[in-house]
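One structure, as structure tokens, below. Some questions next.
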Amino acid sequence: MSDVSVKKGLAKGLIKLTVLLGIGFIFLLLLGKILPAPTEDGYRLFPVIGSRVWVWIIAQLHLNFAAFVLGVPIFAVSMEYLSWRRKDDRLDRIAYDFTKLFTLAYTITASIGTVLLISLPLLYPKFIDHMMRILGPTWWLYIAFMYVEVIVCYYYYYSWHKMKDKKGAHVAIGGLLNIMGTIMLLITSAWVGYMTTPGGVSETGELVNRWQAVKTFMWIPLSLHRLVANVVFGAGIAAAYAAYRFIASETDEDRAYYDWMGYTSAMISIGFSLLLPGVGYLLGVEIYSFNEQMGIQLMGGFFAWLWVMQAILIGAILMFVNYYLWISLNKMPGGERYFKYVKFLFIIMLLGYAVWLTPHSVALSLDEARKMGTYHPVLGNLGVMAAKNTAVVITYLATFLSFAIFKMSNKESVVSWVKLGNALRGLIVVGSSVIMLAIGVYSYMVTSSVRVKVLSPIQFGIFFLAIIALFILDAKMFKGAKIIGEPRWGKMPERSQYALIGITVTFTWLMGMMGYMRSGGRQYWHVYGIMKDTSVDAFLPTHGYAAVITSIVTVIFYALMGFLFYGIMKLEKKGGQGGAKA
Amino acid sequence: MAIWELRWFDFQAATVYVKYIKVLLKEETVKKVFLGALVIMLLLPAMVFAEVKAYEVVDVKDGGSIKGKIKSSGPVKDPVLEIKKDENVCGKSAPANMYIISGANEVKNVIVAVEDVAKGKAIPKTDTVIDNQKCEFVPIVAVAYVGDKYIIKNSDPIFHNTSLGILLGEGKKRTVYNLALPNKDQVIEKPVKVAGLQIVQCDAHAWMRAFVYASKSPYAAVTNDKGDFEIKDLLPGKYKVKIWHEGFGETIKDVEVKAGQATALDHTFTKK
Amino acid sequence: MKGGAIKLFLVVVGINIFFAYIGLYFLPQSQSLPPKTIKIEKGIPQDELIAVGESIIFGKGQCMVCHPMKPETGMRAPAIATIGAEMVKSAKERNMPVEAYVFEALVNPSSYIQKGFENMMPPVHKPPTSLTEGELIAVSAFLQSKGSNITINYPDSVPVLQEEITKEAKKGGSG
Amino acid sequence: MRILIAVLLAMCFPVLGYGAENAAGNPEGKKIYDGWCAQCHGYKGDADSFTKDVSLPKPRDFTFGSFKFRSTPSGDPPTSEDLTKVIRNGNPGTSMPPWSRFSDAEVKAIVEHVKSFAPDTFAMEAKPIKIGTPPKASKELIEKGKAEFKAAKCVDCHGNAGRGNGEKGWQDDFKTDWGYGIAPADYTHGWELRNGSSLEDIYRTISVGLSGTPMTSYMDSLSDDKRWALAHFIKSLQLTRQLGLALKVKKTDNLPSKPNDPAWEKVDYMDLPIGGQLMFDTRDFTPVITNVRVRGLYTTKELAILLQWTDKKPNDGSDGKPTDSIRIQFPVKKHEATELPYFFMGTNKAPVNLWQWKASDMDKVFASVAKGHENVEPMEKSDATAMASYDDGLYSVVFKKELKSAKDDPVFEIGKFIPFSITAYDGRNGEENIRGAISAWYYLMMEPPTPLKVYVFPPVISLGVLIVGIGLHKKLRKNKRG
Amino acid sequence: MLKIYPIIAVIGLFLSIVAVLRKSPFFNFAGLLIFIYGLLKSAEYIMPALPAQVILMYMAMCVFSLFIYFSIQEETFKAFLEPMRAVLADDNKKFLRLIIVFAALPLFAGYLTYVKVKPTYNPPVSARIVHPEPPSQMDFKGKTMNVLGLENPLRKDTANFAKYVEEGKKIYYQNCFFCHGDDLDGKGHMADAFNPVPLPFRGTDTIAQLPESFVFWRVSKGWRGLPAGSGPWNSAMPSFEDFLTEEEVWKVIMFIYESTGNKPRSW
């Protein structure tokens, strides 16, 4: 592998892409001829499982891989940049490992994309006609960028070792790669944005202004949301990869490295995930301002229960994260001093989790409904947004404290104002919690618009202020602190790695479910308000059905990922390059 | 019960208690209650006496008597009962035996009773038999004496129940006894406790009826086939005499009884 | 450590089965069906018209997304239960016929906003709701039945409705 | 002596006033009585009251001095406890409710007041009979009770099955002390036995009778053990009432051939409590039928619904009174969501389909479509059929209908909850048309046959867990050794 | 009623405390779960019972979280697993193993599966709105009335108050008590037959929260006047305008307020 020259690599990449696209177009032409003509409404039916399920699975898989190949480069390039500035080889190795990962993943992504490319026009000819008419040029733009991206990507990968001495330039190429990726993300978001919150067309679906059709309500918020989610997802996948390698490792050294890698990736993933509610909020605001009806439908109508599901999932993720951090105390010299705090954090997490998964209106048995009506008089109060927001900020704060504990567990502050510092820390934690709780209680008494538009942002603002304050305080307190001992990387029980896997799988599943929700917001429209879905699949399936499909997609995705990981390991064994520096 | 349903403090009850306490604390009330208790204690023996006052047995010497004949203004046709139940025992139809009137228009089964007698001779120890025979009460009219017994019999192989009740008019009554006689030769004895004219019925055979005059004194009689009756050993004085027949109804006559003499009391009923 | 990989995969599958299970058994299972087109014939009896209107309010029109049935605190939009009477009142205030007011409220809702509410209602004859003329009239009749006399019927009220629709279209053109 | 008393009386004149008030009037009792009893029993205790014409059984007239519910021998007045018990527990099956709101003192005051209406009766001594320990129920005992039920001629009035349909209980002048007609009790309806349905209650009723009614006292004619045996037998006749919202109808290969086929007894049932039709003129305040038991079965082709109810005196309309009848009602259209037609006869907007059976035409169904109670049109064609039987006071009517439905027919879909309601008419009670006893909406659901997975999955999972257990066991053992 | 769940909770707590003292995390875990279950179930004594589904959700969360908690430290985790390992592998636990691992657990799993796959059918729930929204106008025997602000004309005639109440009593017991009860507690002798059950007038939940005008509307219009959401198709409440005059309706309203000690809402 190391022998492959940059040129050859580039050629390989370009040929692959061209061949795939070619196959796609040829299949499209051929099948278009062979297959029976679409129905009057403009549909063809995919055999057995139906068009919707087929496109759903393929699109979701494609999306997952795309998220991976867009998210991981951001992560990899930042690592490389850090390694370059800090002269830390470990980081460079991580970066290289990831580059390997996403370069390989490109092929899979493109292959699945090809299947999608064949499927969509064949199964939904009328709809795709419409899309092409409105947003056709962006599609050619998309192909063009795809080529550029492949070139940049392969160049970036194959020139890694050649450009060892020109790190700056190499990092710049990485930057370019990410810019390309973001542009592609913007283009695809524009498509989805147009479908959900169309603009720039007349009521009958005639193009009025193409730029308006691209620049829809959803475009930027959705892109932002996806960008952040991609980073979280990419880092999560990296953590999962590290976990996988950790478990598969045979030497202590490898284990130490992959432990560290898993930790770093997971923390980045979680760190960025703190931004998600914010960008999600933006997205929600835009949807509401496009069409109140759709917003309410998504938040409180048909999909209300999916937010409970989301709560269960995010609660599980936070639990996994905390668990990972607590278990990590084992490997910190001096970590055992902090086990006594874990109990309290655990109880807070548990209570927060309980609040978060309490549904507002409960699906009841008949007897229960007769006894208490639709809402439980007590539980009903825990089910509303006021309680949920409060619970989430407090559990986030607890998670941050777990992280802080982990960070300082092997240090002892030497500054003179230790006592004052500790008091200050306590004050920040307790004070902010009390304020957040008070705002939560106050939220019950105001109208929903005040709650959504004023109090919730204040709660989140206080949360961020609190963690920033804690962060600065800790940095000051532990400046030049006495270090009890270096972390014993690799001294982690295997089960901690399952927690990492759990985080990533849950996150992937969550992405799938949110996709169902976003797409469901359109209800029985291909393009909301412009083009009706008149196919047999025009209805929204039940949540259970969606959950099963999401699970299937996730399992397929991880099976493919497994092959990818396995392939990399095989490559390493063959070439030895980039593997553990034994 | 859910906690919030529990009334920790029952206001309604509390107001009543407070009222009681207020009343109790008033000086006058305390006095009143105390004196009241005293009076009741003193009056108690008197009350007991008042109860017993009902009928006083005395030795009657040289008493008078009432004697007479009850007649009808003319012959009355006795109705025939149609029987739809237990026909094998009761037969298809039976005479009601309501108007048993002789050729001379003398009426049988008329109750003649001297009312509200305060004193007199001892009550005879004669128990009153009520027999269910072929779906008919035998006798149809009888006199019973308070303190004695009813002997209620079933001579039929079928179920009868015997229900006695004070007649209140318009088909209404007040039950005195309602006793089951499910089998043949069943006998039930019951004390005669409630005084007055009573109807005897069998709910199972609604046409069956009899009448019993439960008397507190020994001074009551039923006319015989010739419409004759006699009431003996009355203390001299003025009395009210009740003459009652199932079909003809009731009249009350004032009679003065003189010592050692027989006062005649005849009456003729007219069918309305 | 091949066992490790298998174990990991089992964990992944297990987690997914668990989530699918939650989705299947914890969440209420209902489908959201696309609305059916409702045929309204000429000279339809009033109570049937109202019934159709009601079904649109709860179904195709998706009015219940914003409008509560009963007045409640913090409601987004006026309550349905008293809307008929309210509309009569407002029409009187604005000195226009009640029918015209009702139709305007449906097809040109931003032209007059009830006190205390925000301008957020979309014109319902346009996509995505896209109610037909007959459906609009049915809805109007139903709204009138909530506390006022019903004066709207099909097809006599069509001209009034069309006038309001053209007004709205003109406004859209100029603004 | 008398003089002394007179002097004393004079002395305590103010006191006496107080005392007299307390003893005779019981003002507290009168106040509550006037507030909460007089509406039915009359301000004077004579039952000449607001509800005298709208309740069945009629309210008790206290002035007669006859009291049904006693623990004392026949002829004796009830004890205060007996009266208290009636006030506290009410009389099931009548409009006398249990009064739990009053304090013990208040109930005592009411009892005092009630007693004052019949001073003669209550002047007598009242001593409750002794109720010993009941023998334990056993098959033999119940058999013995059954024999005794015949021997003591209980059957004469209460009928062979204890439904109150005995021949002697239905003479025209079967009357109470108050001059009203009365019907023998239906033992199968334990929930509406006026004097209580427990074994002791039954024993007590047999022993002392119900004064004022033809129910006679057996204390002197039957020995104690026989009465207990009887009580056990009667107790065993009581139906277990199953109230619910939905009847599950199971699939079968062959429907029972007759309405009184014993095969029906094994089928799931549901009891519908029914009440008078009170919404439309003429209202029925005094329905007699209070319970209809519903059973159902279906085959691939047909649905059969069995309705059973007690009618103590069948009436086919030949005596000038209306005929006995029952009617089942379904929505005409498939009902959507929770919206239904009006539960009695539908409305113009939402019509209902009615199948009526009449005792005058035993095997016929009168099918009609109703759009409100004033707008009923007979259906020209309906393939619903009926079969009926009358056994020992029990009507059994089976309605059958093919599952496929034509216009105006109800829609029978397997696995769906199909609403239905019942109207029952007792002709003897003068019930017909809209006067009758009605039920709310209930559902019947034809249960789809149990899917195969119910039999397959559990054993598979069990086996799986077992295998995992064994595997873990093996593995841990190996680890231990290794 | 025997309050079993608090006892279960106490037993669980006791078990977990003993387990803590004897350093047996597994039994601590089990005890805590029992404690939490008992606690959640005990809620039904002070509030409407928690729905089964919510309890299931909480319990699943607790199992998951507590398991995580006990696996943080290596020694604790080992001790936690020890009883399970012992049952599975130890020679002296053969009998226990036979019962738990080879019999009880598979059977229990089979049972749970059975419960889950067995098809269950629930009849549709008809929600009831106790106080439906009144219309602004109503029609009483052809007379149009404004429901809001409608006042009881008889209340002004304070001199005859007792008379009206008494007349109302007669009307009540000839028209209403079959369902709403002798004691106005909604438990009349025909109440069982109807669904939804008749409303009680006692207590502070029903008429005490309503102005008389509302009650007038409900009494006069009955089922016919109910809005669709309140299920007029199920209500047996007659339209009393068919049977009573306007004045009689007011009288009966006065009676039900007076006799239950409630006051009509006047704001």
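Residue numbering begins at 1 within each chain, and the chains themselves are lettered A, B, C, D and E in the order written.
Definition applied: a contact is a pair of C-beta atoms (placed from the backbone, for glycine too) under 8 Å apart; a residue touches a chain by one contact, two chains touch by 3 or more.
Quick caveat, the model's predicted, so the values are computed rather than measured.
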{"item": "Neighbouring chains common to chain C and chain E, by label", "value": "A, D"}
{"item": "Chain-contact steps, minimal, separating chain C from chain B", "value": "2"}
{"item": "Chain at maximum distance from chain E, centres defined as averaged CA atoms", "value": "B"}
{"item": "Between the pairs A-C and D-E, the one where more C-beta pairs touch", "value": "D-E"}
{"item": "Distance-to-centre winner among chains (Cα means, whole assembly as reference)", "value": "E"}
{"item": "Chain of greatest Cα-centre distance to chain A", "value": "B"}
{"item": "Distance between chain centroids, defined by C-alpha means - chain B, chain D (Å)", "value": "38"}
{"item": "Intercentroid distance (Cα basis), chain B paired with chain A, Å", "value": "100"}
{"item": "Distance between chain centroids, defined by C-alpha means - chain A, chain D (Å)", "value": "64"}
{"item": "Separation of mean Cα positions, chain D and chain C [Å, integer]", "value": "48"}
{"item": "Multi-chain contact residues (two or more partners), chain A", "value": "312, 363, 366"}
{"item": "Residues of chain D engaged with two or more neighbouring chains", "value": "245"}
{"item": "Contacts with 2+ other chains: residues of chain B", "value": "none"}
{"item": "Chain E-touching residues of chain C, taken from the complex the two chains share", "value": "25-26, 54, 69-71, 79, 81-82, 84-85, 146-148"}
{"item": "Chain D partner contacts - residues on chain B that touch it in the complex", "value": "13, 16, 32-33, 35-36, 38-40, 42-43, 46, 84-85, 158-159, 161, 163-165, 168, 170-183, 186, 188, 190, 193-194, 203-206"}
{"item": "Chain C to chain A touching residues, read off their complex", "value": "1, 4-5, 7-9, 11-13, 15-17, 19-20, 22-35, 62, 65-66, 73-74, 76, 120-122, 126-130"}
{"item": "Chain E contact footprint on chain A (complex, rising order)", "value": "312, 315-316, 319, 323, 326-327, 329-330, 339, 342, 346, 349-350, 353-354, 357-359, 362-366, 368-369, 371-374, 376-379, 493, 495"}
{"item": "Touching residues (chain side chain A, partner chain C) in the complex", "value": "203, 243-244, 247-250, 291-293, 296-297, 301-302, 305-306, 308-309, 312-313, 363, 447-448, 498, 501-502, 505-506, 509, 513, 520, 523-525, 528-530, 532-533, 538-544, 546-548, 550-552, 554-555, 558-559, 562, 566"}
